[in-house]
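When the chains are written out, they are named A, B, C and D in that same order, and each has its own residue count from 1.
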């Protein structure tokens, strides 16, 4: 779960990481009031995209009049397809140097990694490897002061700035660990006459650990249907085609979509209803499928932890309630396959044995519709 | 640093470990008031000795009158040579079973160890080995719930009691770690109809880590001179003899005492003024030595990190101020020995080369005095 | 010969009294797996499918000496159960649960690697030494002995491919599901190494997907160290970039881990990549 | 042959710019120790006694490849410095500081044993391979080469005994100070094992004290595993029970660790215990 910049900065402030003075504004008037108080300000659209600057979503202003005008303009913007609903109005920092600092997880090494560079800012992805310090951390040892001293040396940071890093980095690591973050990123970490200040904040919390953090806000980038899917704990993405696809397992769902395209069809969605779903969850997944008004439905079940009879049962129940009015191509093999097939036969559906046959049939059904 | 029971219980309460309802009393009247409120009570002398029960320092009372009488009696007691200044007046628990639970450090294994037994109470030291569960902990892994389940199984604890252990033990471990404890001990851990309750509390904090815990009280079992030594960061113990002994290093100080006894003398004290002491600390140590009014002083210096010239210098300074009016036997070898000897020569003292000669001379001096 | 496990491997089921635990205990027993015990705190003394239930892994280790363990434990408690298994001396651990918090997974992997424990998963279907020992949740009938080693990032897709192979009469030596989470135990290279050493394995099939760089790294290893032929299938060719698709590992980051980059790397290492899962048997046959 | 260190050991001094650090750097250089660098955060680029100072241990390892390290670091910062040395690849670490918090010592030992690092101390005078390499703070002139290995729990008392030996013309192979704290790295048995293997060591002298059970455990090891003659001196015969005497290890707990129990255990293992430090040379001579 990505957090908005202003939320990230609230967390930073809670953990004692220096942030600029600032206010959240939802209207041009609020932005003007903030600028009145703060003087020279930067006004930043609060969206989850990384390309705010290039999309015109960031502006500088002096005085409340200019702030009001710029805020009004930004509140009309869509940044990478996302409407701007909030602004962060902050004092303009006297930035002497832009550093980069982040903690994330190195999947391959299976551990947290600190990324740090003297060359922060917009083009941080282009920083040459030797100037981007990577420091893997063993969580049982944690982040120790000596590591920060060495990171500073490798970065080329010394004196007062290294003293500030010694204070700042443990706080950032504590936030990363305590809040189950996947990513905490400060870019730029601004070196100012008053010391290091987090000029931006990107914090991503692990969705699977949200239950441990009831105090955190819940933020979503999803469409209404995707949100409903999330409520149902289903992995769902809209894709815009006309064949609604449902399968059990992310890999086979992707492979099903690939095969639909391979045979000339266009998938309406990605819907992985996971392993071991019961009747209720399966029904809910089916109802979700119908939300995109597809021309055909393709159900691809290879039962392992998922039982074929449960899926067939759920399908029959939803069908009998009259919800399913588009043709269906069903593939059903695996755990309790015989029972599942028998259930479908009762309402006149004979399931395919192979994925290819089922996908081909679905593409035909959509073409004929 | 040992904490009084009531302090340990205050910490327990802070960490969410159940303790009996109770009040601290400094007078019989206060004890009576507490009993008025608590009903049937136990009155416990707050001393640092473990033998309170056997010394009459614990009493039960029903009603404020009896409480006042017993409290008055206990406040007159000396428990193992320590005056009783405070009482803890607590509700009498309905104890069904007395368990034992402690966390301390296993020096040999270099790690914390949990000690747990179903057979707590007065005779816990006699519990057979197989009924006293020892669970060593790697601090990088910490205390995990599964360990507690296994400890419970080994103890023979199950059901509701094991659920309570799962809640209680992590709190005790957190206290142990966060407060730099050398020992946290609950004996007995009382099983009552309301669950497990810490009927007693022994908490010892690592002296060397006290600087990290400015919020903790400072408690001392020491005599006035020992307290002064502590202030000066010197290891000092009074022993009652007539030869004041000072050496650098605990081992050699002990060996010096051993040798004094071996040659028929009686040491007045143990004073290890440590390695690398400067002039000021050495002077203070010398002044401390005179506090026991010895018949002779024995100074045994084998300079390593300690420099002979520094010790000689300090000695001369104190001597010249006229404080040292008893005869001195000096042994001085090691780092900067030549310089040290020269300094002593100037006031007419020729230091011995060997420890044996110096000790023999000191014993003679004391005998002649 | 076999890798990681064999017909003598003594298996423990953690969370045996739950729905999934008891169902798959029956399935594994039917497959022939030597299940020697189960664990379920507070239910010591019970039996599930004739298997004795213990209160802790330590107790099970003391009484029935398991070497491997499979976890059917809800995500919030999986870390504790995994660390218990490691601490108690289990040497191969299969973690079925999904949605284990990332930081918990990191803790588990750190502790496992310290103790030289092989971790399969989490969010895996497990692993099976075909015909002798299944520690997982995959449907029994598709996993028949044969000369092909299979290692997969995804579950059902792997059944699909192994199912196609089985239908064509091609069996497997060992099938390993790496697990779909961001942080998992075994990776492609670990398993490829074992297959390279395993005398019974003649051909290796990799089932990958978009996201991450595991397939690219495997390609480098194959090109440098593997003498046996390797085939692959990759899911996600049609996936729109940047959308999250259930597996955290399927997020395409910074242009790395695309379908194209993986195919290119694998082809360069001499690995043929099947366009459809159903093509796999025909690609395998000429290599046997 | 020698144990732990030898004339080629490259030594780093952590905290080299402090009073003790610079003084003992000079002393060690005078003894012949190969000091290749020092560390003092914020003072990189300086020199102490001609030795280059680096900002971190990692930098020192990169530039001058030390194998051993000696710490002159105030207690509150000792844990960090020790962990840095271990992480940076130092293999023998001598910890001079006293008053290191107990929980810090535990952390250090746990991390050191994970990384197979030999820790001498804390609260030790160090160790010396006589005549070739001194990593410690003991006075140079008493440590001359010879056939006796010495291992001691206390510092100055060890100088006393070695000084007596030196005065009688008896030199040492290696002298190891275990350190006076409750939790230390090397123990008697670790060092006895090395002396048993060391061809140059003919006799071993143990200097123990009351408290703890290290001497009793050593006695068992000597009786079971040692072929070389071992002699001992124990401090604390006259100590009143239960009083704390500077060394936490010298607290007599529950009647264990008394002077009598140690003498008895050692005698039973064939170890002669000297009554006075000055008797040691006469006990050694017949054994050479």
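FYI, contacts are C-beta pairs under 8 Å (C-beta built on N, C-alpha and C of every residue); 3 or more make two chains touch, one makes a residue touch a chain.
Owing to the predicted nature of the structure, the values given are computational and were not obtained by experimental measurement.
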| item | value |
| --- | --- |
| Fewest hops from chain B to chain C - one hop per pair of touching chains | 1 |
| Labels of chains that are neighbours to chain B and to chain D | A |
| Computed distance of Cα centres, chain D from chain C, in Å | 49 |
| Length of the line joining the C-alpha centres of chain A and chain B, rounded to whole Å | 56 |
| For chain A paired with chain C, centre-to-centre distance based on mean C-alpha positions, whole Å | 27 |
| For chain C, residues contacting two or more additional chains | 111, 114 |
| Where chain B touches two or more other chains, by residue | 140-141 |
| Graph class of chain-chain contacts, one of line, ring, star, complete, other | other |
| Listing of all chain pairs that touch each other, if any do | A-B, A-C, A-D, B-C, B-D |
| Residues of chain C touching chain A in the complex | 20, 24, 75-76, 96, 98-107, 109-111, 113-114, 125, 137-139, 152-160, 163-164, 180, 182-183, 187, 207, 209-210, 212-214, 217, 233, 235-240, 243-247, 249-250, 254, 275-278 |
| Sites on chain A touched by chain B in the complex | 140-141 |
| Interface residues, chain B side, partner chain C - complex | 141, 144-147, 149-150, 153, 158-159 |
| Chain C contact footprint on chain A (complex, rising order) | 105, 107-108, 110-112, 125, 138-140, 177, 180, 182, 206, 208-209, 211-212, 235, 237, 239, 247-255, 257-262, 267, 270, 272, 274-276, 302-306, 333-335, 354-356 |
| In the complex with chain B, residue positions of chain C that touch it | 41-42, 44, 55-59, 80-81, 83-84, 87, 111 |
